[in-house]
Structure formats: C-alpha cells, structure tokens
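A, B, C, D, E and F are the chain letters, set down in written order, and residue numbers restart from 1 in every chain.
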Amino acid sequence: MIDKIDDAARKTVSERMNEGRMGVLQDLMDYFDPELGKEIGNFIIGKMYSRSVIPWKTRQLCTIAALTVLYRPAQLKGHIIYALQAGATKEEIGEAIIQVAIYGGFPASLEALKVARETIDEAAGESPGT
Amino acid sequence: MIDKIDDAARKTVSERMNEGRMGVLQDLMDYFDPELGKEIGNFIIGKMYSRSVIPWKTRQLCTIAALTVLYRPAQLKGHIIYALQAGATKEEIGEAIIQVAIYGGFPASLEALKVARETIDEAAGESPGT
Amino acid sequence: MIDKIDDAARKTVSERMNEGRMGVLQDLMDYFDPELGKEIGNFIIGKMYSRSVIPWKTRQLCTIAALTVLYRPAQLKGHIIYALQAGATKEEIGEAIIQVAIYGGFPASLEALKVARETIDEAAGESPGT
Amino acid sequence: MIDKIDDAARKTVSERMNEGRMGVLQDLMDYFDPELGKEIGNFIIGKMYSRSVIPWKTRQLCTIAALTVLYRPAQLKGHIIYALQAGATKEEIGEAIIQVAIYGGFPASLEALKVARETIDEAAGESPGT
Amino acid sequence: MIDKIDDAARKTVSERMNEGRMGVLQDLMDYFDPELGKEIGNFIIGKMYSRSVIPWKTRQLCTIAALTVLYRPAQLKGHIIYALQAGATKEEIGEAIIQVAIYGGFPASLEALKVARETIDEAAGESPGT
Amino acid sequence: MIDKIDDAARKTVSERMNEGRMGVLQDLMDYFDPELGKEIGNFIIGKMYSRSVIPWKTRQLCTIAALTVLYRPAQLKGHIIYALQAGATKEEIGEAIIQVAIYGGFPASLEALKVARETIDEAAGESPGT
C-alpha cells in the first residue's frame, strides 16, 4: 500500500497507524481495481484519518462505538490497536463498547468485548483469554 | 420521572442531564408499566450514565457516533444537547458524525448532520436552518 | 386486493386480518406490477399468515418484536391491531416491545412504544396521547 | 456469576435459566469491570427476565424472532435452549424464525435456522446435522 | 457546491447528475467543515460516481437496491431520479426494489416503493399518488 | 429440492441456477417443515427468480449490492456464482460491491470483497487468495 498512496496519507500511516491494518482493504482492492484502491486510501487515510478536530484517541473510541453497534467484529481489531497506541486503557475501551449497549443492544456489545479482550491480551503479549 | 427514580439516578440527572429528555421513555413506560420504567431509569441513568471511566463529553461523542450509524435521528437530539452542555463545539460534534460515515455510510451521517445543525442552531437561540 | 388473491389467502384475510393493512403493499404493487402483487399476497397471506403452528396472537407478538428491533415503525401499526384483535392486552404488547430493548437497543423500543400507545389509544376510541 | 448478582436475579437463574449462558457476558464483564457486570446481571436477569406479563415460552419466542432479524447467531443458541426448556417444540421454534423472514429477509432466517437445528439436535443428544 | 469541487467531479455533475441532490450533503458540510465537504465531494462524485466499469443505469439500480435494504428513504429519491434520467423505466426501478425484499424484508421494500412512486409521478409531471 | 418444487420453479433452476445453492434453505426447511419449504421454493425461485423485467445479470448485481450492505457474507457466494454464470466479470462484481460502500460503509464492502475474491478464484479453478 505504502508505495501507492499520496504523501498526506503516507504521513498519517507513519505517525498514527500500524501499516498492516488498512492493508486488508488495499490488498483486496489490488485484486479488483488498484487505481480505485489508491483513491480510497488517499481519501480515508489522507483526508479522514489525518484530521485533528477531535483527538486521535477520542476518534478511535467513537469508531469503536460505531463498529460495535454495526456488529462488524472483523474491523474492530485494528481500531482497538490504534486506541491502545493512542494511550487508551483497557477500561476506557471496555467503557466505549459497553456504553453503547443501551443503543445497539447487548449482543452487539458482547461480541465487541470478545474482540477487545483478545486484542488487548495479544497486545500485552499474553495468550488470548487469560 | 424525577419523583420515581432512586437517588443515584436523580443525582446524575441534576448534574449532567436536562430533565426533559429521558422523560420521553419514562412517559411511555408510565403508560405501559411504571414500575419497569423506574427500573430502566435506575439502570440507564443511575448505573450507566453515572459512570466516570471516560469523560462525560467523550461518552456523549461515542453515543452520537453509535446513534448516527444506527440511523436513530429521533434519539440523537438529546445527546447532542448533552454534548454541547459538556463543552463540545459544533466542529467536534460534526466530526464525530462525519467520521463514522466511513463505517456506517454517508446517508446515515447526513441524516445525523441535519439533526445536529438544527439542534445546535436551536441551542444558540437561532432559528433552525440559518 | 381481495379481488385478486386466491381462496386460501382470502380466507385468512376474512378470518384474521383487517383488510385495509396489507392493502398498502398491494396498492403499491398495482402501480408497479399487479401480477407480482397477487403472487406476493398469495404467498405472504395465503401461505405464511394462514399457518397455525404457533397461535395467531404469539405470531403477532413475534412479528412486533422483529419489527421493533428492525426499526420499522410504519409497519408496526397493522400488527399491533392484529395483536389486539387476537386478544393481546396493552401490557402484553408493551412487554414484547420493551423486552427486545436488551437485544436491539432502547431507541428502537422507544419508537415502537410510541406507535403502540397511539394505536392502542385509537383502537380504544380515545384520542392519541391521552 | 451466581456469587455476585442479587437475590431476585439468582432466583430467576435457578428457576428459568441454565447458568452457563449469561456467563459469557459476565465473564467478559469480569475482565473489564466486575461491578458493572453485576449491575447488568441484576438488571437483565433480575428485572427483565424475572417478569411474568407474557409467558416465559412466548418471551423466548419473541427474543428468538428479534435475534433472528438482528442477525446475531452467537446469541441465539442460549435462547433456543431456554425455549426448549420452556416446552417449545422444534416446530414452534422453526416457525418463529421462518415467520420473520417476511420482515427481516430470508438470509437472516436461514442463518438462525442453522443455529436452531444444531442446538435442537445437541439438546436431543444427537450429533449436529443428523 | 459547484464552485468548490475539482474538475473531475464537476464534469460528472454536469454529465450525469442533477446538481441539486448532492447539494444537501454539501450544504450541511458547509455548516460544519467546508474544506472536508469539498474533499468528500471530490471523492464521491469525482472518483466513485465518475467510473464506467458498470453502466450508469446499472450503478443506479444497485444503489437503489442498497438504499432499499438499508431503509434510507430520504436518500432514495435522488438515485431514482438519476435512474430515470439514465433511461430506467418505472418497471425496472420497481423490480430492483421488490427483488431485494427477499434479502432485506418486505417492509424495507414497501417504504422504498412509496418513495419511488412519488418520485416517478413527480418526474412525469403528475401529482403524487395518482 | 428439485423433486418437490413446481414446474415453473424447476425450469428456473435448470436454466439459471446451480442446484446446490438454494438447497441450503431447502435442506433446513426439510428439517423444520418440508411443506412450507416447498412453498418458499415455489415463491422465491418460481415467482421472483423467474422474472425478466431486468436482465438476470443486473438482477444478480442488485442482489450482491443488497447482501453487501446487509452484511450477509454467507449468502453472497451463491449470487456471485450466478453473476459469473450470467457473464459478469470480476471487475463488474467488484464494482457493485465497492460502489455501495458509500451507502453501507467500507467494512461491509470489505467483507463482501473477501467472499467475492475467494469465489471468483474458486470458479477459475485457482486456489483462493492467489
């Protein structure tokens, strides 16, 4: 990915993101349409993720809240990693997820908590589930 | 509502919330089952909304993000008012809403932006849409 | 509608349903494709709604539960009327709606409670909201 | 879990529920916030699941209907077990699931039918899929 | 809007779209963040809507199918107008909407059919509902 | 399945569909209620899938768009196969999926792209992921 996106996007990747994550979408776009993949990367990373109106940590907590109620466990992992890297604690991440159970239901939050625990344990160098 | 919920919930209402909002649910619960209404109020307000793991402003931005992607315009208004009361600016509220368009689609964010503009204008004592 | 659907469907309409409701879909199908409208009526009413594996009242409560979490207020009204006609009380209808807040979130149940109160009041010959 | 929740909730667990199920949420809450986990258990089990306005079997069929259209297969299993324990037959459970295909689409009902067949077969001491 | 977006986007607007529609989002973005509004316009119109891999008419029918099952009636109108301008008939638009009832449920398709009839009647210079 | 559905449905199966796919639903219905399974097959295949108002390829692209935003990966595979059989290219299928990211969010399209790549690679006799 890093060899295709423009400078603004590349700067955000190196400062804020671990390169591997957005690569899933980029890898798929390479298969279907590399040029469009580049434009999507430029827009999402270069324009949306580069903004500073709210702190990066708050932005990731809002994203976690949204992905939780949308029931998108596969995309949660990357944003939990970003939140941890931005200094969010286990408790803050759990709070964002359980808080939105009021709005999106407990099953959606429960699935997100599973992903969060697994990701946090992995990040801490522990085996999942301990 | 204020005459039924317990002390913990009442404290949160007076410190953090404008009384009128949760009243919509309480009013409906009075019609169907006042006792259960009281328990729901005690749980949502007294337990969930009284917590301090994340700041009240961040909590409201996460809630706005969740309600946006769930496409629940009718419930957004109250939480935008809470966010404003917690010191969130117009720009921060807009950012939380437009940020999650990446995850929940632009139509959902667009509807939320409409509610946000209307609510912010009302709060500023201006007529909506100006 | 009644002049187009087949005998099995017509029997269900006269025994279980107030004719006006499904008419909204039929009316729209008449505009786009009357023949397909007839087939849809035959299937939904003649096949699905004619079944007796669970009681008609339970079927309507399950339908109300589903429409609540799907956030489809416009379609709830008809099924609340069917539930009332099948002997469901105000309390039972409210219970089906508020019960699923655990799974689909409180905003969805709140919107459904609004429609339910309005429909129950109308059915009781009272003005809405009293 | 059973050692933390209050008496009302514990009574419902012993009378109506197999202890293992809600334990998934409790176990996750123990990781993130045990105190909040207790309050959630007290509310969902002690307040919502202890009610008798509609029969426990009807309540479970409504829950199955809601989880089906929400596409939450992971949470369906427990409620299918509760429904079976409350005397629901294979046919009644299948009916609640397939009935809501009209409202939530056939793919959601199809996924729920898969979980239901597997759970019913397991409960009957047969290997899944036979 | 037209004065802010770049040349690629402007070309697509003048060739394929009626200017007023995307203006709703642009107008809201002007209120919250005009610079981001421009970037979103450049991306959605200039990159996504300018593509030719599938015919514009097929693209609009796919969009109508997606907005139908997402239950986003407010955004459907513009895309039904684009479909009509691309030569889609009333029957083709109705078919895309009713076809997806199998996947997203009949209530979602019913609401979309209402919007479609109204929009088609307006486009034909007739009063809605005739 | 083929031994139960009526002639109209059987004709569509042999002309347009690979028999195995709809068999998942039929197999499940055989377990719960074979008679209703037959009626559902007659309706979906015999009535809905037999229509010609829009070309079969366009119909499949609309279905892919709808299943993408509904986040129903398990049902996508069959319709991607139908689309390929109807002459849709890899690029056209990818376009229908990525196009609706604007409306249903990028995570839903990303999951659908994964299924599409896997299915297209399998159809081409290659191992998935190459």
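Please note the rule applied: a contact is a pair of C-beta atoms (placed from the backbone, for glycine too) under 8 Å apart; a residue touches a chain by one contact, two chains touch by 3 or more.
Everything numeric in this text was worked out from a predicted model, so none of it was measured.
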| item | value |
| --- | --- |
| Partner chains that chain C and chain D have in common | A, B, E, F |
| Furthest chain, CA centroid comparison against chain C | A |
| Pair exhibiting more inter-chain C-beta contacts, A-D or C-F | A-D |
| Furthest chain, CA centroid comparison against chain B | F |
| Chain centre separation (chain B, chain D; CA means) in Å | 29 |
| Chain centre separation in whole Å, for chain B relative to chain A (CA means) | 24 |
| Where chain B and chain E are represented by their mean Cα positions, the distance between them in whole Å | 30 |
| Contacts with two or more other chains, residues of chain C listed in rising order | 33, 36, 44, 51, 53, 67, 69-72, 75, 91, 94-95, 102-107 |
| Chain contact topology (line, ring, star, complete or other) | complete |
| Touching residues on chain E, where the partner in the complex is chain F | 44, 48, 51, 53-54, 58-59, 61-70, 72, 75, 91-92, 94-96, 99-100, 102-104 |
| Complex contact set, residues of chain C against chain A | 69, 101-107 |
| Touching residues on chain D, where the partner in the complex is chain A | 24-25, 28-29, 31-33, 36, 40, 44, 67, 70-72, 74-75 |
| Residue ranges of chain D touching chain F (in the complex, touch as defined) | 71, 90-91, 94-95, 98, 105-108, 110-111, 113-114, 116-117 |
| Complex contacts: residues of chain C adjacent to chain F | 33, 36, 39, 43, 47, 51, 53 |
